[in-house]
Amino acid sequence: MHVGRSYRPIEFALWSRGSILFMVLVSLCAIGAYSIPSIAGFSVPWPIIVVLGTTVSLMAGFKNSQVLARSSEALQAFAQISATSRMLSRFCCDFTDEPTKRALVYRHIAWMTALRFCLRRPMPWESMGRKSNAAFRKRYRVIEDTTSLSDELTALLGHDEAAKILKSGMLAAPLQLLNQQGHQINLLFRDAGLAPQVYTELLKLLRDLHDQQARCDRIKNSPYPRQYAIVSTMFVAIFCTLLPFGAVPVFAEMSRLGGVWGVISIWLTIPFSALLGWMYMSLDQVGESTSNPFEGGANDVPISQICRELEIELRSAMGELDLPKPLQPRNGIAT
Amino acid sequence: MHVGRSYRPIEFALWSRGSILFMVLVSLCAIGAYSIPSIAGFSVPWPIIVVLGTTVSLMAGFKNSQVLARSSEALQAFAQISATSRMLSRFCCDFTDEPTKRALVYRHIAWMTALRFCLRRPMPWESMGRKSNAAFRKRYRVIEDTTSLSDELTALLGHDEAAKILKSGMLAAPLQLLNQQGHQINLLFRDAGLAPQVYTELLKLLRDLHDQQARCDRIKNSPYPRQYAIVSTMFVAIFCTLLPFGAVPVFAEMSRLGGVWGVISIWLTIPFSALLGWMYMSLDQVGESTSNPFEGGANDVPISQICRELEIELRSAMGELDLPKPLQPRNGIAT
Amino acid sequence: MHVGRSYRPIEFALWSRGSILFMVLVSLCAIGAYSIPSIAGFSVPWPIIVVLGTTVSLMAGFKNSQVLARSSEALQAFAQISATSRMLSRFCCDFTDEPTKRALVYRHIAWMTALRFCLRRPMPWESMGRKSNAAFRKRYRVIEDTTSLSDELTALLGHDEAAKILKSGMLAAPLQLLNQQGHQINLLFRDAGLAPQVYTELLKLLRDLHDQQARCDRIKNSPYPRQYAIVSTMFVAIFCTLLPFGAVPVFAEMSRLGGVWGVISIWLTIPFSALLGWMYMSLDQVGESTSNPFEGGANDVPISQICRELEIELRSAMGELDLPKPLQPRNGIAT
Amino acid sequence: MHVGRSYRPIEFALWSRGSILFMVLVSLCAIGAYSIPSIAGFSVPWPIIVVLGTTVSLMAGFKNSQVLARSSEALQAFAQISATSRMLSRFCCDFTDEPTKRALVYRHIAWMTALRFCLRRPMPWESMGRKSNAAFRKRYRVIEDTTSLSDELTALLGHDEAAKILKSGMLAAPLQLLNQQGHQINLLFRDAGLAPQVYTELLKLLRDLHDQQARCDRIKNSPYPRQYAIVSTMFVAIFCTLLPFGAVPVFAEMSRLGGVWGVISIWLTIPFSALLGWMYMSLDQVGESTSNPFEGGANDVPISQICRELEIELRSAMGELDLPKPLQPRNGIAT
Amino acid sequence: MHVGRSYRPIEFALWSRGSILFMVLVSLCAIGAYSIPSIAGFSVPWPIIVVLGTTVSLMAGFKNSQVLARSSEALQAFAQISATSRMLSRFCCDFTDEPTKRALVYRHIAWMTALRFCLRRPMPWESMGRKSNAAFRKRYRVIEDTTSLSDELTALLGHDEAAKILKSGMLAAPLQLLNQQGHQINLLFRDAGLAPQVYTELLKLLRDLHDQQARCDRIKNSPYPRQYAIVSTMFVAIFCTLLPFGAVPVFAEMSRLGGVWGVISIWLTIPFSALLGWMYMSLDQVGESTSNPFEGGANDVPISQICRELEIELRSAMGELDLPKPLQPRNGIAT
C-alpha cells in the first residue's frame, strides 16, 4: 500500500509506459491509413467513439468499485484479526499459567506467519509476473521474498512442532495451527478447569479467527471474475485502438488553417491519442493491480507490516524485551 | 470458476459466436435496405443510437452489479460453511466419544454432499441448456454429472440410513440430515451430559449451517428477477438490431473519398457493427451466465471442489489416512 | 415471482400495451404538428432529447436499484424465517412434551399464516388495482384471494383461540401470536424447568422472528418514497412525450431521398417512437411493479409457497402424515 | 411519509413553484440577451449544456442515493425499536411483579416520547423553515407541534420523576431514562433475584435500545455533508441558469420556418426551459427534503405514528383498556 | 463537520480560489494559441471534451461514493463508542465499589483522549498542510492543537500512571489503556467475585471498544488508495486543461455576429472555462478533503466534541458536579 503523499505522475507514467507505447504505434497506423494515397481517408466516425467512450467509462467504474471492495474487505479482515489478537493475548495473560500462555501466544504468532506466507503465494491470475509490476517491485521490499516459512516457524515453535506442522504442506499450515489452538483451548476447559465464561470468550475469538481466515482464503482463491476481466479489457483495448482512427480526421481538418498547421496538425493525433488512450488504459490497469490484495504489489494490503506490529504488541505484553523491529515502508510503499 | 490467468479472446469469441453471426446477418440487411434501388437510403438516424447506447450501457452496469452480488453471496456462503465445518470437527473430536464423533462428522459430510447435489439440479431459468454453454461444458468436468447422490450417501452413511434419508426425495435430503444432526446434538446434551458451554457452541454452529443452507436455497430458488432480465435482453437486442442501420450511412458517406473506398466503404459496416454488437451482446451474455452461481457453468462457484477439500480436512482430522483426492481444475475451470 | 425460463416478449408487450398506445397517439400529434400547414415545422430539437435521455436512464437505474433492494430484503426475511422455523421445530420436538410441542408448532404455523394475510392486504400505493396488473393476475393464483384468515386460523388453533386472536383485528394477529409464543416459552422456563441453555436458544429464535416481522412490516408499511416515484414518473412521461416531436424532423428529412421514402418516411416516426418510448416506459413500469414485494403481483416474493413448504416440513417433522400439498406455480408464476 | 397512492402532479408543482418562477425569469433574460439589438446573438453553445447535463444527472443520482440511505437507516432504527419494545414488554410481564412491570414499561414509553421530541427539534441545516416547506406543513399535523414533552412525561411518570428527568434539559432526557432503565434492571438482578438468563436477555434489549438511540442521534446530529450539498446545489443552479441561454438559439432558428413560427418560436424557450429546469431543480429539492428524516417534513419517517402504535401495544399487553387513539395520516401524510 | 445551514458560496469560492486562478491562466493560453498569428487556430475538438467530460463525471461520482463511505464509517465508529461507553458506565456504577468505578471510568475517558490524539496526528497523505486548508483552519478550533496528551492524561490518571502509559509512545497509548482496562475487568472476575453475567457483558463492551479502535486505526492508517487518487486527479487536470482549448473556437465563432461580439466574444472563454473548470476541480477537491475523516479538517468527524460530551455524561453519572464545558462549533464548524 502506498502510504506516501501521492504517486508522482512521473512514477505513474513509468509504470504504465506500455500503454503509451501502444497508443503511439496505433496512432501511427491511423495516420498512415488516413494518408497513404491508395487508401487515403480511412477513419472511424467519431460518434462511434463517443458511444464506446461512455460504455468504457461505465465499465471502468463498475470494475473499480468491485475490486476496491475486494481490497477493502481484505483490509477489514486484518483489522479484525488485530482486535481479536489483542483480546486473545489479554485472556492468555490473565487466565493461564506461564507455559500455556507462551504456547498459545506463540502459536498465534505462528498462525499469522503461516497465513501471511500462504496469502503471498502467486496465483495464475495475479499480475505480479507482468514486466511493469516486476520492475516496480524492486522499489520496495516484500519480506516474504527473503525469508522462508520453515525458518520463521522453527524460530517460533521450535524445530519439532514446526516440522510436524509443515509436513502436510504450506497450504495446510494455518489451518493446522488454528486447529491445534482450538484443541488446547478445549483441553484447558475440559481438563484444567478454565472458567466457563473465559472459555466461551476464547471460543468466540477462535471462531472469529476461523472466519477471518475463511474470508482471506476466499479473496485469495477466487479472482475477480475472469469473464468480467476479459470483457472489460477487450472493451478498453477496442476503444483505444479505434480512438486514433477517430481522432485523425478531426485533427487533419485543422490543416485547412494553413500555415504551420498545414504541416503538423495531423501529427497532433499522436500526443492526443496517447494522452487519452493512456488515461483509459491506466484506469483499467489500476483496477487490475488492485484486484488481488495479497500478492505483494504496491497497492496491496500491508499484511507483513500489520503482522509484525501485532507480534511486537503480543510479545511485549508478555513482558519480553528482545523484540523484532517494525517494518518500515520503503519508497513510500508499505507491504 | 475460471481460475486460470484469463479467458483467451479466441475462447471467448467461440463461446459468443452466436452474437457475431447475428450481427453479420443484421448488417447485411442494413446494407441491403440502404442500397436496394427502390428503397435506397433507409437508415436509422445516429442520434437515436447514441441515446440508446447510453441506456444500454447503464442497464448492463446495473445488471452486472446485481448478478455479481448473487455470485459473491454464494461464494461467501461456502466460505462460511468452511469455517463452521472446521469448528464443528474440532468440537466433535474433543468432546464426544469415537462413534459419536464419526457419526456427526460423516453426517456433516453427507449434508454437504446432499446440498451440493441439490444446488446442481437444473432450474427452468438457468442457461446450462443453451447450445453455447452445453458445448463449452465439455471443456471441464462437473463431478455431479458422473456420480449419483444415492451412491455417495450410501458410501458415507451406510445403506440403511442413506435409503431412509432419500425416501422423501433428493430435495429434502439436506434438511433431513441437518435436522438429524440437531437431534443428536440435543440428545447429547439432554441425555449424555455434554457440557452446557460446548452444547451452546454446537448450537451456534448448527444455526449457522441452517442459515447458510437457507441462503443457498434462496439464491438457487429465486432467479435474477425475470422482469429485469427480459427488459435488459430486449434493450440489447433492439440496440444491436438498430446499430447497423445507423452505421450504414456513416460508412457509406466514406465512398465519396473515391478510389478503393468507393467500392468497399459500405462493407465496412459489417466488421464494425459485428465488433460493437458482439461486445454489447457479450456484456449481456456474461451477465446472464454469472447470474446462477450453482448450475455448473464455467463461471460458477466451485462448490464441488470446496466440499471435497473440506471432506479431506475433516477426515484427516479424525486420523483417517485413506483420503479422497482433491478435485483439480480442468482447462482452468474449477467446479 | 416468475420462475419460468423467461417472460415471453409477447406476454410482456401485452402487459405494457398501454404505453405503446400512448406513444402512438403522441406520435400522431407530433406528425400533425409538423405537417399541418399553418404551424408546419414544429419540432423539439434533438439535443434536448439527448440530455433528457441520459438523465432518464440514470434515474431508471437509481429507481431499479432501490426497488430491487426492497424486493431482495423481503426475500431474505423469508429465507431467515425458514431457517429459524426449522430450528424452532427441532427444539420443540426434542425438549418439550407432546401437547406443548403441538401447541408451539401449530401456533408458529398460525403466525406464518397471519403474517401472510397481513402482508397481502392492499395498500394505497400498491399497483395491483391498475388495469394491466389486474388483468395479468388472472393468469396465476394468489391463495389468499380464495381463503380467509379466520378459516385457516380456526383449522390450526381451534375455534376458541382463533376467535380470541382475531378479536383485535387481522392486523394485530401476528403480533398476538408471537407474543403468546413468548409467553409460553417464558412459562416453560419459569415453571416447567426448561434447561437454561435451551431457553436461551428459544429466545434467540423468538427474537429473530420478531426482527423478521418488524422487517416485513417496515417494507409493507413504507412505500418506495413517493417523492422519488413521482419525480421518476414525470421524467419518463416528459421524455416520452417529447421524443416523437424530436424524432419527426429526423425522419421527415429522409423524404428528400424521394421514391417510396418521399411518402412514408415521416410515418416511420410512429414505429420508432413507439419502440423507444415503450422501452423506457416499460423500464419504469417494471420498477413500479417490483417495488411492493408482498402485494401478490407476478414479480413478488412467493410467500404463500414458502409458508406452505414450511408448514409441510414442520408437520411432517412431528410425524404427521396427512399433509397439505405444496403450491405449484401457475403459468410460471409462483406466489 | 406520504402514504397515499402518489403525490398529485399539481401538488408537486405547487410545492416547487419557486423553481418554475426562477426558470421563467432566467428565460426572459436569455431571450433579451439574444434579441436586444446591441448585443443580439448572445447564447451559450449547446455542447456545454450537454456536458453539464450529464454531470448534473450523475450528481443528482449520487446525492439521492446517499440521502435515501439516511432515510432508510432511520426507518430501520425505528423498526428495530419496535421489535425490541415488544420483547421487552413480554419479559416485564412474565418475570417481574406488577409495580416493577408498570415502572419499566411506562419508563420505556417515556423514553420513546423523549426521543421523539429530541428528534423533532430543528437543526440549522434542516429545511422545515423554508417557505415552500412551511406552507406545505399546514396540510398535515406533527403531533409534537401541539403538545410538550413536559406534559407528556408528567402523564407517564408522574410529576416528580418527570421534573427530575427534565432538570438537565430536554436533550439529555432520553439518555437519562435509558440509564435509569438500566439501573433498575441491574438492581433486579443484584438484589431481587432475577434469573440470570432473563437478565442477560434484558441487557441485550437494553444494549439494542442504546444502539438505536446512538444511531438516531448520529443521523440527527450530522447533516448530509454540507460540502456535497453546496457543490450539488451550485451545479444545478449553474446548469439551470445556462440552460435557457443554450435553448434560445435552438428555438430561434425555428423562426426561419416563417408563418406563425416567425413570431412565436423564440418564446418557446420559456416553457421548455421552465419544464427542463424545473425537473432538474425538483430532483435536487426532493433530495434536500429527504435528507433529514426526523424534522417533521412530508417525506420523513413517521416516528410519532410508530411510537403511538407501540404505546398502544405495550399498554394493552399490560391489560389496560383506556388506550390512546392511533394517529391517522392527514392528507395522505403520516408523521 | 460543518453544522451550519450551508457553506456560503463566497466561503466556498475562497477556499477553492486556486482552481479559478489555474483556469484563468489556462484560458489565456488557449486564447493565445488560438489568436497568435503564426499558430492561429489551434484548438481541441469539442467531441473530445464531451467524451472526457462524461468520464470525469463518472470518476468523480465513484471517488465521492468511496470517500463518503470512509467518512460515514468513521462517524459510525464514534456513535458505537458512545453507546458502549454509556453501557460501560452503567455497569461500573451498579456493580463495582467506589474506587474501582472511578478507576474504570477515568481510564475509559483517558482511552478516548488518547485515541483522539492519535487520530489527529498528521499523515503524509492528508491535506491539512495544503495552503487553502491551513488558511481555512484558522476559522475554527481544533482542541488537540492547543493541549497536549500528556497534560490531559495526567489530569485524568494522575502523574505516575500517565507517565507509565506514555513511556512507550503516544501511538501505543490507547491500546495500553484498553489492555489495562481488560486486565482489571479480568481481575474483578477472577479475584473479586464479579457476577459471571456482568463479567460477560463487560467483556462484550470491551470487545466492542477493541473493534471500534481497530476500525478507526484502519481508516486512519490506510489512505483512500493512492492509485485511484492520482488517476482521478490526473483525469480532472487533463480535462480542465483541455477545456478552454475546446471552448475557444466555440466562442470565437460568435464573433461573426459582429457588433460588440466581434470584439469580446473570444474573451468569454475565460469566465466560462473558469466557471466549468472550477466546478469540476471543486468536485475533486471536495472529495479529497472528505477522505480523511480524522485530520481536523472542516468536513471531518467531530471527535473532540463527541468525546467531550461523553466525558460530561460519564462524570455526571458518577455524581460529579465540577464538569468540563461542551465544545461549541466555531463559525459553524464542529471538530
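Going by the order they are written in, the chains are A, B, C, D and E; count residues from 1 in each one.
Throughout what follows, contacts are C-beta pairs under 8 Å (C-beta built on N, C-alpha and C of every residue); 3 or more make two chains touch, one makes a residue touch a chain.
Nothing here was measured: the structure is a model prediction, and the numbers come from that model.
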Geometric centre distance via CA averages, subunit D-subunit A, whole Å: 41
Centre-of-Cα separation between subunit E and subunit D, whole angstrom: 25
For subunit D, residues that touch 2 or more chains besides their own: 50, 54, 58, 61, 65, 196, 200
Topology of the chain contact graph, where touching chains are joined (line, ring, star, complete, other): ring
Ring walk, subunit D to subunit E and onward: D, E, A, B, C
Complex interface listing, subunit B residues touching subunit A: 1-7, 9, 12, 46, 49-50, 53-54, 57-58, 60-61, 64-65, 68, 71, 75-76, 79-80, 82-83, 86-87, 90-91, 93-95, 195-197, 200-201, 204, 247, 250-251, 254, 257, 259-261, 272, 275-276, 279-280, 282-283, 286, 289-290, 298-299, 313, 316-317, 332
Subunit C-facing residues of subunit B, complex: 38-45, 47-48, 50-52, 54-55, 58-59, 61-62, 65-66, 123-125, 168, 175, 178-179, 182-183, 186-187, 189-190, 196, 199-200, 203, 206-207, 210-211, 213-215, 217-218, 221-223, 225-231, 233-235, 238
